[in-house]
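Chain naming follows the written order as A, B, C and D, and within any one chain the residues start at number 1.
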Amino acid sequence: MLTPTYYLVLSALVFSIGAVGVLVRRNPLVMFMCVELMLNAVNLTFIGLAWGLNDIGGQVSVFFVMVVAAAEVVVGLAIVVAIMRRRDGATADDLSVLRG
Amino acid sequence: MTNFLVAAESSAELSFPVLTSLIVVPFLGAVLVALVPKARVEAHRLIALMASVITGALSVWVLLTFDRTDGGFQFRSDDPNVWIESLGIRWDLAVDGISLFLVVLTGFLFPLAIIGVKPEHSPKSYFAWIILLEAGVMGVFMSLDLFFFFVFFEVVLVPMYFLIGTWGHGNRIYAATKFFLFTMFGSALMMIGILAIVFFHESATGIVTFDVVALAEGQNWGVDAGRWIFLSFVLAFSVKVPVFPVHTWLPDAHTEAPTAGSVILAGVMLKLGTYGFFRFGLYLFPEAATWFAPVLMILGTVGILYGAAAATVQKDLKRLVAYSSVAHLGFIVLGTFAITTESLTGSVVQMVNHGLSTGALFFLVGWMYERRHTRQIAELGGLQKAAPVFAAMFTLVMLSSIGLPGLNGFVGEFLILLGAFVANPWIASVAATGVIFAAVYLLWAYQRVFHGKAEGDNATMEDLRPNELLVLFPMIVLIIFLGVYPKPMIERIEPSIEVLVAHIDANVDGWTEPTADVLVAEESHDEGEEEEEEGESE
Amino acid sequence: MVDFVYLVPLFPLLGFISLMLVGRRLGEPAAGYLATAACGGAFASTVVTFFGIRGLEEEERQVTKTLFNWVIAGDFGVDVAFLVDPLSVAMMLFVTGIGTLIHLYSVGYMHGDPNFSKFFIYLNMFVFSMLILVLGDNLLLTFLGWEGVGACSYFLVSFWFTEEKNAMAGKKAFVTNRVGDWGFMVATFLAFATIGSIDYLTINGTAAQLSTPVLAALILLLFVGVMGKSAQFPLYLWLPDAMAGPTPVSALIHAATMVTSGVYLLTRVNGLIYEALLHAQWVTNIIAWVGVGTAFFAATIAIAQTDIKKVLAYSTVSQLGYMVLAVGSGVFVAAIFHMITHAFFKALLFLGSGSVIHGMDDDQDMRRYGGLRKLMPITSATFIIGWLAIAGVPPFAGFWSKDEILLSAWDLGGLNGKLLWFFGLITALMTAFYMSRQVFMTFYGDYRFGDPDADEVDEAWAAYLAHAQDAKLEAGTAADDAIEAHTKAVAALETAREAYVDAQIELSQAADEEATVAAQKVVDAKSTAVDKAEAAEEKAQAARDEAGAVAKAASQADADARSEASRRVEPAPGEQLTAGAASEFVPAAVKQRAEHHPHESNWQMTTPLVVLAVLSIFGGLLNLPFTSDLHFLEHWLEPSIVFEHKFAASGLTKWILAIVSIVAGGIGIMGAVMIYLKHNADPKKIEKPILLDAWGYDRAVSAFMGGPGAKMFEGIAWLDANIVDGMVNGTGSFVRGSGSAVRRLQSGLVRSYALGITLGSVALLAWFLVRVAA
Amino acid sequence: MSLQLFSFLVAGVVVLTGSLGVVMAKHPVHAALFLIQTLFGVAVEFLVVEAHFLAAIQVIVYAGAIVILFLFVIMLLGVDNAEDLSVEPIIGQRPLAFVGGAAILGLLLAIINSAGITGVPGNVDAPGPTGEVLPNVNQLAESIFTEQVFAFEVTGILLTVAVVGAVVMARRIPGALQPLPDIPAISGFGFGSTGDTDTDGDADAAMAAGDEQGDDS
């Protein structure tokens, strides 16, 4: 019998994998992808609970998360493009201008 | 003899919100100055002057219509405008005998500061800041709502910060930053204190209010909590006053500030702290105030002697005057926490008098700097020959600052020491030595600056100009008038002081006002009479 | 008629205000006359008031006239009110009377001063303040006048402010007085705290109810104020320096009126002091001993002073000590009596000295005076009257009052009283001595203003010796040169002779005629050269001898000068000190003085002298001791003074004491005659340098204030800048330091931040979990 | 095992392998492909609980638009060089990352375990206001356009702003491109540093260089 808990566990796994990915990978694009993974994990939670609690609100939230994710990717990738154009093959570690 | 100052009408019949105007007029003036284009140089000054003169006139009107027999709050709207209902924050303004003269002093000094000194550059923002400052100061003196009090208390920092930082001399950024950080540090704790008493009051009565009167009458906090909260308030005010040892921002700020800034800083802004001691120290926390009174009396005395000693060896004339402020304000602190009717009255009188005499001194020093471009005492000398009127004015103001009887400075100082003596003879006797030191540092400075032979530029220094005399003249008149006939002022202050003392008496168990013994003279002296031993009176 | 008292301070006040407004326009001398008129008006009003008071019954002779409430707060209340009673009227009479005279005198004295009108502004203001001081019915109003006169004294002492010395003296006067004012203020507080009132009638009326410690504290604190104002040890320091002011100021403020206000104050609170006499005599003993100590101490210093005004200044300190002694003995009448007579003769002396200074081109050094009797007849005649008065010669004013004080000290009884009397007597002796010294040095002897004084003679001798030595050295050098030249000439002669001999040998060996002729020519030439060289040598020798002689003479002259200088003996006493051989070398200033012709002063200055001289002669009539009916002053003051003093000493004792004091005065005068008139002894034996230096006390105090005292203030300023402010700035640098430490965490690496976020959320999650589980 | 559960598990395996692939693929292109796999898996999971509309959106927006955008960027910039995953320049970053990830996982699981979801799982196609059962899309639409309409409008603005921002960011600035300042040193999260130690001087130089660059643009 499928329960929301399954969704939550799956979400937790994906979220953790995504988090580790953000921390470990150096390519900004891949880091972005890992962030997408985490967002999807959250979406899974929302969907699972919307189903489990029989509330459409969870789905609405997912909808908004997707919109925001899309916006984020658009801007984020634009930033990556701007950076990459100035320095080829830069990794996230190379960009530490904001160091204190 | 004083009937000419009797209130013309009762304050209850007021329809015109005069106190609100005292804040709104300068505020609007500031906005107007900010809106006028930069190019119209003379307009800024004119608008600022108009706004401050109107404010001054209104404050004089408040003075004239003030009911001198009433010790309570006057001009208070019966139905204060509620601003944030759920938090009980109200636009609630009033004056009593304690704040009345500070309001009038503010209204009096600002026009003079605007007439007396022209900024060296960017007049537009200068005048805007100055009269914005006036609005803030007025707000502090009149707010009965702790929230608005705190807002105004913080608001005044910003204009002064910019006045010092932009139009100051030499090390101005350092001085401005120091000034700002010191006062912010103090008031941050006070904000916590304010919230604490509001919550205490709320948990006891279920009413959220920032009304000082309600809070003070309620006294809904425990003894220990009250003492701690009192300390948070005292710290904020001590920085502002300033009380030793948190005074070090003052010499820097005064020295580096532009002349008008120094005048206002010394004349009005320091009084924010001493006024706070009255309204939010003694009135709000009577128990804690009486408990801490000895410590604060000693700190006041230390301030008197310490400020005097430090002033003696200053090489910079303006810095010397600044340190003399530390000493004078020490007297006020001493008088405030001696908590006798005489000393409290004296403290209020001294607040006004210090504003007049030190304000005038800063004017004179500022004008001297304009002429000679130095404040170093060593580079001045023999100015009396070149500028006799200047020297005469300086002498008079200096003597007032020294506390010569017959001039205003003496009355406050005397009442403070008298009251303090009744409360604690030893502290008062030590504090009284301050009058010796005051003579030492001021006369010595005067001798080095004005006496002797003039050399170089000193020999050709310009005497006072007519507009400068115009600024000084009202101050001089008040200095003499309040010294010879202080009654009109004292009789308006005293009822409020009596109310305050009664309030303290009612709210503190086992405390009564220290009073003098009263002996009655016998009809005639009989030589053979047994000596009647009066109990040890000290 | 008592209401005329309002006019008394009003006149000088109006004078002050009108001079302030139009004084500069009035100019000289109108401004001076206006001021004099103002003071005279005050005097006239005082006289009217005097008769008004006299018209009252004796019991009603204490009238309080209230003007308005001054300072009222809480239980404290004080009015601007005048207490008109015999004491204040007596004081006012001589303040305004002498004040008027001195105003008139000043018109002459300040002639030509650029700040002529300003001087009279201050003078009128002073009179006003002094009258407030006298009239005040409470301690605070008296304090107003007290400080007012102090401020005027400050202005007037530093009147010629361009001189650093004058400015310094003015400041010193004010500050030293402030030390005393501290005592006055605290006494006022104590009076209020223990009595509840600070007006004199209440204080005197309730004195009996005060506990002894309070009483003692009250009196002694007031006495601290008195020490300042009335220049008692240890606060007398300012008075001698205050002589830097114009001389009329010294006469009015620093001799006749202001400095006596301390004594006046003590008399005002005589109820307190009387109580102390009864129950705490140690308190009055302190007062008496400070008084007599000051009198004695100042008299020793006055003996050695060379500045004419300094002598009078120390004399004033000494006389004030007498008055304080009288107060300490409880005989207030004697104190007031002496105050009045002293005001007469000391004002006279000061004005006289001012006249002398004026006539002597502002030179104040008595050693340069002498023989002025003939040049300044009025000044010297009046001055001599003043001298006789102060020296205690009967029947002049000073004798009667001083005698009464000595008697009152004796009358205290016991060893204490006798010791007080003894020191008072010695002081009287010294007073007679130093005043006689002053008179003899100034008015008797030869006129020697144009002669060099001792220092100048030394200077002249030094210049003379230096000159002789220069001459000797110069001649020596010249002689050496001549010797050298001669040596050279001798050498040249030798060479010439050798050449001649060689030429002759050449001639003798000549082979042929031609050679012989040539050689002969050479021989001839050499012979001429030898002749020339011989002549030159002779000339050089003559020059050498001559230079040698000159050098010898110069050397001799120098040696003579030295031996002369070493043999230079001090002139026998009375003999005119001259520069002798060095007279050519006296400084230019001496010559300048020699060209100066001393002159008698103008009428504005001499009139007050004459009036005061008359008063100094007859002042004693105020309170003659012979019968009770003659105690005019005592009877007059009775309503103001709590009790009547009855001398315990018998009539015989009084006579003996009077004779003893006359004898003491006589000894003093005779001593001065021997030394300064007859020159039987060397004055240097008496005028010790340490006395001239005022026992080094002033210098020690100055050194302390300039040394450790200033160091302490510097230390506090240092403390403020470094420790107190240092803590503040330390807090700032701590924040900055910790900030830059934490800054390292801000690596700029996105992944590091992400790790931080991760670990943070782990912690948050853990916290949630714990919260939920709990 | 119901079909529902079966579908969930299959899709779950797809999601997990996909996400692991994203993290472990050396090549960004591969990572992007793995991401598509994951997103499809997630779409299936949506379908399992009958979130039809969102599943469609998931495929269209995520797989269709976002990942393609990623691939475009990869191609456009030629940053498709493989990453050496055996090297970790920041000391301590990797172990701590794993610890943190594991901790998050453990804690989330613990929370899930303790939370105890109590609702009744079922069809979210609940009856509408009129009593009839509305399809998922209708419900969603009703919620979005009634209760959440303000948020919806705001998202519209957000997207517009994002597009404008992206254009501005990615716009080619006239003139020669300045290289980013060279940052020689990398230091970790307070766990030490690699390369030469960073000094204030370097940082200041870097800042100064940044300023210059800003001035030029």
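The rule is short, and it goes like this: a contact is a pair of C-beta atoms (placed from the backbone, for glycine too) under 8 Å apart; a residue touches a chain by one contact, two chains touch by 3 or more.
What you see is a predicted model; the values in this text were computed from it and never measured.
Colleague: Quick check: more C-beta contact pairs at C-D or at B-C?
Modeller: B-C
Colleague: Quick check for you: compute each chain's CA centroid and the global CA centroid, then name the chain with the smallest gap between them.
Modeller: Chain nearest the overall C-alpha centroid, as shown: B.
Colleague: Express in whole angstrom the distance between the two chain centres, defined as the mean CA positions of subunit B and subunit D.
Modeller: The answer is 62 Å.
Colleague: So what's the Cα centroid distance for subunit C and subunit D, whole Å?
Modeller: 95
Colleague: If you average the Cα atoms of subunit B and of subunit C to get two centres, how far apart are those centres in Å?
Modeller: 42
Colleague: I'd like the Å distance between the centres of subunit A and subunit D, where a centre is the mean of that chain's Cα atoms.
Modeller: The mean C-alpha positions of subunit A and subunit D differ by 2 Å.
Colleague: Among the residues of subunit C, which are close enough to touch at least two other chains?
Modeller: Within subunit C, residues 744-745, 747-749, 751, 755, 758 contact more than one other chain.
Colleague: What parts of subunit A, by residue number, touch at least two of the other chains?
Modeller: Within subunit A, residues 19, 23, 26, 93, 95-97, 99-100 contact more than one other chain.
Colleague: Listing for subunit D: what residues touch at least two other chains?
Modeller: 90, 93, 96-97, 100-101, 104, 108, 183, 186
Colleague: Give the pairs of chains that touch; include all such pairs.
Modeller: According to the stated criterion, the contacting chain pairs are A-C, A-D, B-C, C-D.
Colleague: If you look only at subunit A, which of its residues touch subunit D in the complex?
Modeller: Listed in rising order, the residues are 1-21, 23-27, 29-30, 32-34, 36-37, 40, 43-44, 47-57, 59-60, 62-64, 66-75, 77-91, 93-97, 99-100.
Colleague: Residue numbers of subunit A touching subunit C in their complex, please.
Modeller: Counting only subunit A, the residues touching subunit C are 19, 22-23, 26, 31, 92-93, 95-100.
Colleague: Of all residues in subunit C, which touch subunit B in the complex?
Modeller: 68-76, 140, 143-144, 146-148, 151, 154-155, 158, 161-164, 166-168, 170-171, 174-175, 178-179, 181-182, 185-186, 188-190, 192-197, 201-202, 204-206, 208-211, 213-214, 271, 278-279, 642-643, 710, 712-714, 716-717, 720, 724-725, 727-728, 732
Colleague: Residue numbers of subunit D touching subunit C in their complex, please.
Modeller: Checking each residue of subunit D against subunit C gives 90, 93, 96-97, 100-101, 103-104, 107-108, 110-111, 114-115, 183, 186-190.
Colleague: In their complex, what parts of subunit D are in touch with subunit A?
Modeller: On the subunit D side, the touching residues are 2, 4-5, 8, 12, 15-16, 19-20, 22-23, 25, 28, 31-32, 35, 38-39, 42, 45-46, 48-51, 53-54, 57-58, 61-62, 65-66, 69-70, 73-74, 76-79, 81, 83, 85, 88-90, 93-94, 96-98, 100-102, 104-105, 108-109, 112, 117, 119-124, 126, 136, 139-140, 143-144, 148, 151, 155, 158-159, 161-163, 165-170, 172, 177-181, 183, 186, 198, 203, 206-207, 210.
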